[in-house]
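I am attaching a structure below and will ask some questions about it afterwards.
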Amino acid sequence: MINFSYSIWLLLIPLMMFFILGLAGHKLGPRLSGLLGTSGLAIITMLSFIIAYSYFFGTPKNGEGFKAIIAYNITWLQLIDNLHIDIGVLLDPISVMMLIVVSTVSFMVHIYSLGYMKGERGYERFFAFLSLFTFSMLGLVVAPNIFQMYIFWELVGISSYLLIGFYYQKPSAVAASKKAFIVTRFADLGFLIGILILSFYTKTFDFITLTDPSGPAIAKTGGATFMGLSVITWSMIFVYMGGVGKSAMFPFHIWLPDAMEGPTPVSALIHAATMVVAGVYLVARLFPVYVMASPQALHIIAYVGAFSSLFAAVIACTQTDIKRVLAYSTMSQIGYMMLALGVSGYGGHNGLGFMASMFHLFTHAMFKALLFLGAGAIIHAVHSNFMTDMGGLRKYLPITHITFLIACLSIAGVPLFAGFFSKDEILAAAFEHNKFLFAVEYAVAGLTAFYMFRLYFSIFWGKETQYHHTPHEAPLTMTIPLIILALGAALTGFIPFNKLVTSDGLPFESHLDWGVAVPSVIIGLLGITVAWAMYSKSSNLPDRVASAFRLGYKWAYNKFYMDELYLFITKKIIFRYISEPVAWFDRHIVDGTMNAIATVTQVTSFRIRKFQSGQIQQYAFVYISGVIFLVILLVYIWR
Amino acid sequence: MTANQIMFILFSVMIVTFSILTVTSRKILRAAVYLLFVLVSTSGLYFMLNYQFLAAIQLTLYAGGIVVLIIFSILLTSHISQKFESIEWKKSFFTALAVIGGAIVTIVTILDHRFAASKQAAAEVNMRFIGKSLLWTGFEGYALPFEVISVLLIAAMVAAIVIAKKSGPSGSDSQTLKK
Amino acid sequence: MNTGIPIQYFLILATIMFFTGIYGFLTRRNLITILMSTELILNSVNINFMAFNRYLFPHKLDGMFFSLFIIAVAAAEAAVAISIIINIYRRFTTINVEDVDEMKY
Amino acid sequence: MDILSLFIIIPLLTITGIILVKDIRNVKKVAAIGMGIQLILAAVLIFLYVAERKGGNISEMLFIKDIVWFKSLNIHYAVGVDGISVAMIALTSIVVFAGIFASWEVELLTKEFFISLILLATGVFGFFISIDLFTLFLFYELAVIPMYLLIGIWGSGPKEYSAMKLTLMLMGASALLLVGILGIYMHSAPSGNQLTFNILEIKQYVIPITAQRTFFPFTFVGFGVLGALFPFHTWSPDGHSSAPTAVSMLHAGVLMKLGGYGAFRVAIYLMPEAAKELSWIFLILTSISVVYGAFGAIAQKDLKYINAYSSVSHCGLVLFAILMMNKTAMNGAVIQMISHGLMTALFFALIGMIYGRTHTRLINEMGGLMKVIPFLSVCYVIAGLASLGLPGLSGFVAEMTIFVGAFQHPDLFHRVVTIVAITSIVITAVYILRVIAILLLGPVTNPKYENFRDARWYEKTSVIALILPVAAIGMAPFWLSSTISSSMQPIIDKIMAINLF
Amino acid sequence: MNLQDFLLMRQELLLTLAAIIVLAAEIFWNPAKKKSVIFFAIIIFSLVTAAGMIPSEDGYLFGGMYISTGLMRLMKNILDIGVLIILVQSYTWLMKPENEERISEYFILIFTTLVGMDFMISSGHFLMFYLGLELATIPVAALAAFERYKNKSAEAGIKLILISSLSSGVLLFGISMIYGTSGLLYFYDLSKVFAGGSLQILGFIFFFAGMAFKISIVPFHLWTADVYEGAPVNITSFLSVISKGAALFIFIIVLYTVFPVIIESWQKTILVTSILTMTIGNLFAIRQQNIKRFLAFSSISQAGYILLGIIGANQAGMTSVVYYMIVYIFSNLGAFGVITAISNATGKENIDDYNGLYQTNPKLSLTMTLALFSLAGIPPVAGFFGKFFLFAAAAEKGFYFLVLIAVLNTIISLYYYLLVVKAMFINKNENPVMKFKSDIPTRFGLMICVLGIFLTGFASIIYEYIKNLSFGI
């Protein structure tokens, strides 16, 4: 057995970086801070690859597949004798895979940011926050127990909050960060309740115990039920609620498009590649429980995923802010992954969906990060987010253009690019389990190809736009990550995931299902063609199409009025109809009662003043009445 | 009806009548005289009960002393002929109600109680015994109260002087007339 | 007792006198008449003491002595009260009790 | 001289020192030195305590000093500490220390201000070291009364009204408490035996259940009012908003903890049967407190009001957890007390410092402070994050301990109210972020703000003294949790002994 | 009369002697040096006080008419100390030209009153009790009317004397009934034959009403505020502290020794009246503007609290009552001392006049605050301990409801005490009481009060000492 305990440095290094940069950043200066942060990430990336290598290839397998290894564990907080929050490192195929994803993308983003953020106020702060995020995300990934996951889950939430609100003097950024945090926090409430229910019935937080088929979570399925579903199912639904929030699934997706107010590298790192897939990762982490103890929950996951992917794809077709298009695309792709998990079974080929989901997660991280970074380079060049302000940029930004195209091809599922392989596995898994969802995903695949190439054509082709100053290619620090990620987006499809990352740790055989793949490729190409027809040259075709579907377009353009709905709930219901009445009630009823007691005392005091009239005879009268009263009371009434 | 009973009825009727007149008469000097009658009748009762000494004291100190004091002060402060205004009916009604109520409650309680008559022989009440008791310092002697009452009388005298005496030169008689 | 008059008669008489005195105390306007009413009250108490002493505990003279002292105290009290009343008369130029109410509430 | 009594003597000496100081400007220095010594003493106490426990001393209370005071009533001056008291003492010394520095700029009647403040602190220290109900009660009232002058003289806004309301409500609570304590005392031993005020002696005897039923509500409500139990919390918003900075800090940070501490040390510990029977009423009230306080905070416009309602919510959680009557939840309650004490003191300190610059506390009149006073703003954000339960800061540890503990309760009702209470974490996030967004972020709304000076050295001292422990507890809660937990054992044993579950 | 007997009665005898000496001084002293009578009288009185402290055996004289126990002597000593403080505080007032004519009368009246109280306390017989009571009342009426040139003073005098004669009539009626139903007037013998019939209870209630007048228990209290307001400040403090204290003490002794048989009846009586007393006293106190009147109502409610110590009929109760009296004497005299000082310096007696007092006279304000806090029962001053023990005594017998009412009432009382504190510390005043320096006797008196307020609470020895002397039913 290889000793993996050094893996704790994965967490310690970024944490140290955070403190150093956060506390002493302004003393170090921007250049040094950036370099320090980036070099820290370089070490982490290296470590991740070493760990991955030694985990996948260094451990003897003996035909038993990959085992989960607790590489490091300390008790952080003892709650009850058998319930304690530990901080540790769990290594198994999915966590190791995630390590690669997180560290690689984070590293790329760090390098990219060195150039992108140059000259920004708060440069050190940016890197400090990035380190914090990396720490949190890695902690989440390697969590050996669900509570550690929750802890880091919250931490990535706050990092996301801080980074979205990085331009804190911009009101829209502030609002977006607040929204992102509160929406996910609400979802996390469900996560927490889920954890509590789960721990109440299983008396453990530990993933290994939880996912053990003979463990308390799964073996106890027949226990208490509530509204027809077992308590474990309920807890898993609640846990999934956290995933829905963080992964921006419907109906908690509304924060994600707004989160694009943050700096673009942040969008690439957090809101495309790593944090938003935490929900998928969470479901994957607890997958045996879902599959064996709560299939109903798994169904919900499948439908939520499918609906979200369709919903987001439709909206993406109408948006003009390039980052928002990418954001909806992200949501749509995560919907894919969720769907894949939802339709998956456990073990061997049944677990195809699980494998496909992880595979897609991996490839998606590559091409989506690439897309965002590319978008960043474009925005950097033209100082606008809107594709209406762009066009014909291929001449000015060659490297960006090529890499962006690779990413688009990959996401559109053009064969041989990474996205093709992973998406095809998902479709195959869906096809095997649920034909209806499969059909939905076909539609989504077409829409995806359409809106991605709508984006691509409007930016790099289309009308010749006049710019204030000629756009120029980004500096090397920005283009190198683009190139590296483009390689990833193109090539990672060849990684044999079915041998490495599977639902039960055992490799299984899977082949490209041409019956599924060919139609999907055709649909994808169809989408690309339509996009080419509409957007490669400036024409009024898009407007005509838009007016043809006026109502639908309007709804989609306004994101189906989800924001307004939320605004209504928060502003009107919560604020106007709960908080203000509560405040009023408190001031006037509760406090009013207290004041009323005082007032009544005062008034009584005023009313009875007549007793003290100054008249001796009246005093004497009271005196004698008192005597007679006492006599009657004590001699005749109360003996 | 024995002579005793007749005497008792006579005295009690006088006491009750003059008591009521004392507290209702609208001429102050008459009220004082009625009070005198009450006190004298009471001393008659004491005679009846065979307490001659106390009856004598009652006559001299009470009827003689206090009433004279009162009459003097009436003369100092009031016009003899002045008639009081009649009392508000409300005030007298409620007071009468309370007072009659109180009296009834008290009388009922008294009648409720079974007094056990003494079987012991009555002590002889003569001056010798009284004098001895007043100077006796042991059990059932009244030497101490006798002394204390003397202090009380001195104190009362000083008190009366303090209030009533005209102020000296540095006093504030100049303020007297200012109300 | 020997006289054929039950003790209750004395007590009732005293009680009536007592409450008559109180009635006077509560209704008379002139301070001196109020003082006279208190004399009635004290006198009624004396009757009580004497009756009890004679009827129930004739072998001792507790009641009688008590009455004796009450009379003495009443005299002292009357003296002081009258001096204060005279002072009131000086200050207020009236001895109507209802006018003596500068302090109230 | 035993170490615990020093906690009372040093403040008294400091007061004497302040009285004797001739130069007004030196008053605050004397106060700071005195409370600095107190802080060091608290550290020494922690060290001694840990050493003693390591040495194998397993008695419930350590450093017991017991002097007979009123022999016939068996009143003793009895002091002793367990892990919980030590933690509370440490909390108090930190908050008082920070409070002194936060009130560095008091100009009006400086001497009197610091005397009252330290007198208040004396009461609090005395309360936490007492193991005799009489001295406990004495110190409790001693802590409440200087508040009247502190708010009435040095406060702002409708200070006289607030001061009076606060004092009367708290003394009203202590009135109930007095009945409760007398009730406990009268039933503190089997008939014929010597009655006692000593908690350690009373707990060995089971108070008759009928007496418990009568006196538990008195005791619990008596302490509960100080812990802002709904509907007796209304002194808190008014009081806090009118109080000067240091007083708000001490009050919300420490004084409100007297309620929670007393509730479990006296009410629950000595009368567990009644506590169990009646807990449902108070659980409903406290869960209302938790949610209601949070909702109330959303609608407020004044920074101090927001924080006051937030305190209602958080302190409600303390009482809530105590009523769960299991080890983990009560553990959490203590951690929550400490955590809330630190962070709310931090809040009030920062609000005071911001108010000192902007001269307003209405959030709508301010904006963009992050740019002009970054240090204070960042600290405010940290306080906010601690308040909304961010992992790595103390609030999270406390809340999670409470929730996990409470949710392990075998009774369904308890779990349901737990879920109700948990919803507060979202509402908390809403009002905290709302304030941060309006107050600190966004463009600078007032050009005058550009001239603001960031924190002065004494302000920094004050703030850092509070942030450090918040972060320390948040990152390494284990030692605190285990210290408290081992001290909680006798209480749990007592509860278990009567076979509650 | 041997030395032993003298020692037993020394307080009364010496006081009487002191009164006579002052009387002689009045007659023979050089009229030009009348003012030095003040020092002379105070010195004599301090000697009497000191003589009272000499320990002696318990015993009785005059066949049981006069009883002297340790507790009684202690009570007398407490009263002596209180009176001494009052005398010291009267210094400035007596030095005023309008009073200097009557300095010796003032002392004679005070001394004789005190003799009356001492006899009342030591009485073993209803006659002695009655005489003591009257001796303790009649001169006080004259003292209340002492300032002849003031309408209010005269009014106070007449109100006091008239109500007191009414109440002594009622009291005597009650005693006559007790005598009639038992044939005895000695306390000791009476307790053995007392049976508890209706008439006895009636007698008791009449007796109670007579006592309640002295203690100013509601509804027999209405004279209190007017008399307190009208009387000179020193006499007000004398009435509120000494007079009331002595009456309360003998009241508890009589209840415990004479009426143990009808304990249920008198407990009910006290239950009802104490609730009324506390509540009415407090409700009236809230809206007072004159500080003397304010303290009058406050002292009424204080009497209500003290009844809580009596109701339990236990040793702890008696202890706590006596203990509370000590506390109460120091606290109330402290407050009155400040009022006297300010009244003498400026003639102001309204609470509004105290606005901003701390700015000009910090020490007086602090003393007043301490005294008021002590009255309100705030730690660490003595009032807290006193109240706690009173309530504990009541709780011991299960009167929790009463304790609850009492503690709620302390909240109301805290409110109005704080109003005064607020006036002194917080309220602004354009025209505050000017800064003045009080003379040495005043300061000395206040110093004793402050010391007493602090030490009485902490020194448990006082409580234990009283406890050893007390008894219950």
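Observations, loosely collected:
Should a chain be cited, it is by its letter among A, B, C, D and E, assigned in written order, with residues numbered from 1 in that chain.
Note that a residue touches a chain if its C-beta (ideal position, glycine included) is under 8 Å from a C-beta of that chain, and two chains touch if they have at least 3 such contacts.
None of these values were measured; they are calculated from a predicted model.
Between subunit C and subunit D, the least number of touching-chain steps is 2.
Traced through touching neighbours, the fewest hops from subunit A to subunit C number 1. Relative to the whole-protein C-alpha centroid, the nearest chain centroid is that of D. With centres defined by CA atoms alone, the chain at the far end from subunit E is A. Looking at B-E and A-B, the interface holding more C-beta pairs in contact is that of B-E. Across the assembly, the mean Cα position most removed from that of subunit D is the one of B.
Annotation: 27 Å between the Cα-based centres of subunit C and subunit E.
Work out the mean CA point of subunit B and of subunit D, and you get 69 Å between them. Chain geometry summary: the mean Cα position of subunit A and that of subunit D are 37 Å apart. Between the CA-based centres of subunit D and subunit E the separation comes to 42 Å, rounded to the whole angstrom.
Shared interface positions of subunit A, defined as residues touching 2 or more other chains, are 609, 612, 614, 616, 620-621, 624-625, 627, 631, 635. Residue positions of subunit E touching 2 or more other chains: 127, 131, 134, 138-139, 141-142, 145, 148, 151, 157-159, 162, 166, 170, 180, 198, 202, 225-226, 287. Residue positions 11, 18, 21-22, 25-27, 34-35, 51, 56-57, 60, 62, 65, 69, 73, 76-77, 80, 83-85, 87, 90-92, 100-105 of subunit C are each in touch with at least two other chains.
Interfaces, counted as pairs of touching chains, are A-B, A-C, A-D, A-E, B-C, B-E, C-E, D-E.
Across the interface of their complex, subunit D is touched by residues 75-80, 83, 85, 147, 151-152, 154-155, 158, 161, 165, 168-171, 174-175, 178, 181-182, 185-186, 189, 192-193, 196-197, 199-200, 574-575, 578-580, 582-583, 586, 590-591, 593-594, 598 of subunit A.
For subunit D in complex with subunit E, the residues that touch the partner chain are 69-73, 75, 134, 137-139, 141-142, 145, 148-149, 152-153, 159-160, 164, 167-168, 171-172, 175-176, 178-179, 182-183, 185-186, 214.
Partner subunit B is touched in their complex by these residues of subunit E: 16, 19, 23, 61-66, 97-98, 100-102, 105-106, 108-109, 112-113, 115-116, 119, 127-128, 131-132, 134-135, 138-139, 141-143, 145-146, 148-149, 151, 157, 180-181, 197-199, 202. Residues 94-95, 98-99, 101-102, 105-106, 109 of subunit B are the ones touching subunit A in the complex.
Interface residues of subunit C, counted against subunit B in their complex, comprise 1, 3-5, 7-13, 15-24, 26-30, 32-33, 35-37, 39-40, 43, 46-47, 50-51, 53-62, 64-65, 67-69, 71-80, 82-87, 89-93, 95.
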